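Shared chain: chain A. Partners: chain B in the first complex, chain C in the second.
Now for the complex of A and B:
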């Protein structure tokens, strides 16, 4: 069957494909996007060329050479991106060649698949809605292919269709069983965001300049005090005299379940975290996590990590004990007591402090005292430091950000013989009371110290000593006005804009919780609730069915009756006598016969016959009313009408 | 193998007949509408499965949402496809005839209260016709092969609306028959005869008298103006100079097989020529004879006789 595609259909396919190319630009090298666009222009101005066979051959050659190029660059792009590139290539070549409706099937198929792939790259609400709109447009174009040209979609019909599909759609999403991932999916190599694996004296300052969201947290109970909100993400244990790096032991897998040391003593805290895309494994946890959801697993030093690098928004549930983290492996203390030969002045200072202090706690007090008493400053723009960075910071510049203080403190402690390490993560966050969630941005990035004492790694935050506002009220409070300006992008200063973007963020939050965060756990809970409410549901179901039946019945009633009203009336009042009327006989003839047998009622019968004729054939409403009246008044007479056969049989 | 196939088709036809007995007009009900996924529909279902796997593997709710949405679209397409065909009343024109090997255009009426989309009708798979959107009439081609009187084959009414995912089909057994007359075959002899009679007819152009109308007179000779004035006694032009032309007798020789076919074809051509010139003709066939006459009805009668012999 030959049905040519309309120009409109072709144009809408062009629009959809170009939108998809733009959406998937992350997976495409720039040169490849350019090639695709040029290929699309090949068909301009959308006319059917005569040499179709030639064209097919040409396109095939072009496609084969592009495929070769893609194969060469597969190492760079990775398998998943390669798949997307090939799909886009096939869609483009198809679109250049199609003429008939039949040809568009493959194109539509690939377009649907590519639209789904867009969701791997984007999950924020706005872009998702955009993709959804694009999907709707694709469906509309698809529909138009098979609908009559003059046909316009009517709103009522569309509404009915949506009403029909929406419940199926939603209930499938809520109730259809979900599988665990079946195979390891290839992940693309993309830029890593968030805390890096090494901590230079300047790295956190750079991170803090970013306004990007790191994660959101929802607490089952109330929000813990701000001083407790130290989100651990990375533990830095190797120090080379200048920067801290993550030890290799973090690359090893940890046993899946770890027994909590003493579970019933401390207060536990349950919370849900929705982590943004960071493309690294490390996730965020408070204190010592004891219960994990299946998407995350424990890492060394009581950290939490994802099973795969976080390439899309990830939601997970944790239960933590807000106490010092216990020792993870036996070697841990030795590992964190290593010192390097750099920073001689710091060594001397450490020796001096140790001699004054009697215990580890005393040493901590000494260090705090030092930072507080002597002229140390907290600044977003510390001066550059030399080779012996700790010496330069402690004795010369005396100005630094959290990473400087944490780094210096950890070195001091190690020189004094106390195992110590730097922990990177986030501190605090912005609490949204109305929406009940904590928003943690990159600007909340922080570094602090953990030292080993009393069978556990105790937390010590030197920044809290220098700038207690940082911990109690957030970064803005601790910075000077100039520095605050530095952090805020120009557009953020407009309050209306700020307000709008904040509202959007809240919407995005609900989107993450309700749509993105819905997992098999919640589905299981929903099933449980449905089972528990089984009786109620059965009741509702029966109610619904009764309503439907009633509606159906009323609907039937409204349909035109099989017989006209006068016929029904006559049938009702004449009763059994009417059974003697032969099927083909006219009512008047029948009445005439009746008159002959019932001479006494001849007048009445004549009157009825006359009214009946007028009601049936002249559509006389008055006559119909009179007929009904007459029949009603003489109901008993009519019931007693004689019929000869009856008499003979009796 | 072949017998199995034919037995299967026979069984299938029987099954169809049981579901839908022959009728002059058939209303498409649930019982006789068959919906099967088209090839594209099967690919689409594969797409749904793939999207579900993609969604679970990436644990991406949005892809899952999309796949479920496409599932609900599939279900919607199913119901829409059914509603597109449901409650259409199909009937066709009563008298159908064609000459052998000609394509008979069967006028099929699809009556529905609500507008329907992109319906296609065909008797044989490769000759589909679309129903125009604003008309309920469609001419469905039917290729005829041999002369005779045949029941109308199954009429398929099919629609791919709304997404091309489902092949919504109904195969109707309409209680109609059609005539296939012998194929007219031009011959020299008849041509010369035709010319002769043509000359005679041209002579008859200058009619000067009239006579009263007799059954079988050509309508071309009717005096219409007079008829309007006096409808009770219709008159026709009459040429007294040339006498009533001798009726031609068309004889079908008593042969069989290919020879009979050729004879019938030639006779058919001759008959049509004579009819065109309004010359009376009679038919002698198989000891049967149809007395000479003229006019459309007479022609039809003779042609039918030839179709059946």
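Now for the complex of A and C:
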């Protein structure tokens, strides 16, 4: 049947397709998006009978040439993006050619598929809601193609349909196996966030100005004290006199899993981390991690890293021992004893301090004492340092942020002959009591020192000496009022806005825990729980079924019987022959015809007919009983009644 | 009493030959206190049947030949000034009788036709601001020529609805017509008719009709027939008046068949004559196409 599409339907297809193109822009080169838009503009005169419509040949040629271009650029875009591009091409060409209702089928199915593809690129709650809204709109448009014109009823029926399918959605989400992707999903080339591979003086100061979320942590037991919350992310081992970088020259072996050396002594700590998108591999861990979930793997210096750069929110489970990190490779001590001869004053100071101290611990005490006694200041805006940055910091400016102190301490220790390195990561976090999670933002970025002593890398945080508030209460407590203002954007001072964004963050947290975090493990757990609750469920199920049956039975009771008793009797005993009765014929008339075909039983049939008439028309109970008797006695005869086959020639 | 009724039926069958079905239905109609419309080509015995019915039931009857210049007052009567008593006296028209034979009713003007409306439904006549009851029982037996005949004005739906049944006699079969021709030389067929009933007996019979039992199942079937007409758009829907008429006619049919209960067969037998002119006022009485469709397509569970 040829049904033309309404202008409204066309417009909604346009809106959906353009929204999908915008959502999938990561998969599309700019030139390709431009071509799609031009194609769409080509069809803009939205008349069904537009002269431009239906030139199938031309569109085919255009599509083929675009396909060729896409094939040429497949190396850059990758197979997955190529597939999305082809789908978008087909959807666009379909829309350009669309003419009648029948044409919109392919378009709609491709649109549904593309909308599902959007979830590959976006997992945040708000965009997911947007995609869902688009899906609803597509469903609505689809429905409208076939619905009658009453708007309200349509929405109502659509709502009903969605409500009916909701249990299927949920059970699919809960029970469908989480399959590994069939092809590699390419990561988007977006900015890397978080701590970089090199630590320049001033880089952490910049980082803490950002209010962005770094990760969230959920602890299995209670929250450890704040002084323990040193989230290790990067270990900087190379120092060039000015900045620290991650050592990449030595290929470190990566053991599959490390067994805890002395787990009988230390308390282990289990926690889950939901890392935000950083497009880096490095992840966050406390102390020495001993157990990993499969999505992460151990990295050098007892760090943790993801299997590929984190381009989607990543949730992983860790168990750590909050102790000194043992030596990872034999080379490590030597690696971290290298010094650069750029800071002569520091060298002299180190020599002086070593002579006073008897052990490494004593040396640390000396350094702490020095920072505490002498006028050192903690500031977000330290003055610029010259060529010999460590000397300038330790003896002239004496004002710095955590990275300055960490860097200076590490250099000082190395000059004193103690292997030392700078560790970058996050310290502390904001604990949300009600939601039971720790929120760690970029502003919690921190740097501290690890030195080798007692067969392990001991943590030493010089910032804790100069500004203990930073560790105990967070960054804001350690900063002056001016500096706090510097950190807080104007809009964040509005408490209502603050509150709202905080609530949104909490919602986002639940979203990532319950929806994104629902992985194989969780699914397995769910099955286990279902199994454990099997008896209860069976009981509930039986109860439900019983209630349903009861309800059905009562319902049946309440309704009057569809047919009178004699009618039911006759139907039961006459059975198949009765199928030959025309709809409009009454039983007596049929009996009369039946008699003609079954002359032998004519008497019986006559008797039955008479009783039936009295029973059904005169409500004669006596006749009803007799009728039942007669029918019962002659059941076999009645089952053998003849009815001539219909003559096909007639 | 039922025996008398059967005698009436027999003698009618001797006057109108070979039309048992129609005669039974027409008796049905009168027992159900309904008005009867006979539609046929001229010369098929409409007027004879009307006469015979009135005669054998022993009712006073008046016959009015409807013509285009017939006025309402010619039917209902009028007040005439009496010079001697110097007063108006109401001179009752032909409508004041037990049976009114309205011959060729569709030749009269619509104005006159509708003057019959009140008389038929209310069984009373209002003239000069006075309402006068009609005698009881009161029947209108009307005859009409098919609509396509010249000089006819169709009865409006409202008036058709007031006739309980519309019947058509149709041509007699060959044997019946042969007998008719042979007997005709012996004199008028109306000689067979004698008065079989009086008006009191008729009233009793009509009361008995109401006593005929109707089971719920039959009423359900009747309602599904009526409902079926309401869910289609190729016919006019049947009104509750029609369903009442249908039930009454079915009861009368059951009584004529000698039963004290109504069966689905009774409903099916009277349905075409009761329903056809209401389903399609423009149809001819001989066709029962619409009512047949309803009968065939409506499931009869009984």
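What we mean here is this: the second predicted complex is superposed on the first by the 466 of 650 C-alpha atoms of A that agree within 3 Å, B and C clash if a C-alpha of one lies under 4 Å from a C-alpha of the other, contacts with A are read in each partner's own complex, and residues count from 1 in each chain.
The rule is simple: a contact is a pair of C-beta atoms (placed from the backbone, for glycine too) under 8 Å apart; a residue touches a chain by one contact, two chains touch by 3 or more.
Just so we're clear, the structure is a prediction, and the values are computed from it rather than from any experiment.
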{"item": "First, second, both or neither for A:119, with chain B first and chain C second", "value": "first"}
{"item": "First (chain B), second (chain C), both or neither touched by A:57", "value": "neither"}
{"item": "Partner chain in contact with A:169 - chain B first, chain C second, else both or neither", "value": "first"}
{"item": "Touched partner set for A:564, first chain B, second chain C, both or neither", "value": "second"}
{"item": "Which superposed partner A:147 touches (first chain B, second chain C, both, neither)", "value": "first"}
{"item": "Touched chain A residues, chain B compared with chain C", "value": "B"}
{"item": "Touching partner for A:582 - first (chain B), second (chain C), both, neither", "value": "second"}
{"item": "Residues of chain A contacting chain B in one complex and chain C in the other", "value": "none"}
{"item": "Chain C to chain A touching residues, read off their complex", "value": "213, 215-218, 260-265, 268, 295-302"}
{"item": "Interface residues, chain A side, partner chain B - complex", "value": "1, 101, 105, 109, 112-113, 115-117, 119-120, 123, 128, 131-132, 135, 139, 142-143, 145-151, 161, 164-166, 168-169, 172-173, 176, 178-183, 185, 295, 312, 515-519"}
{"item": "Complex interface listing, chain A residues touching chain C", "value": "563-564, 567, 582-589, 613-614, 616-619"}
{"item": "List of chain B residues in touch with chain A within their complex", "value": "40, 43-44, 47, 50-51, 53-73, 75-76, 79-80, 115, 117-118, 120, 128, 133-134, 160-164"}
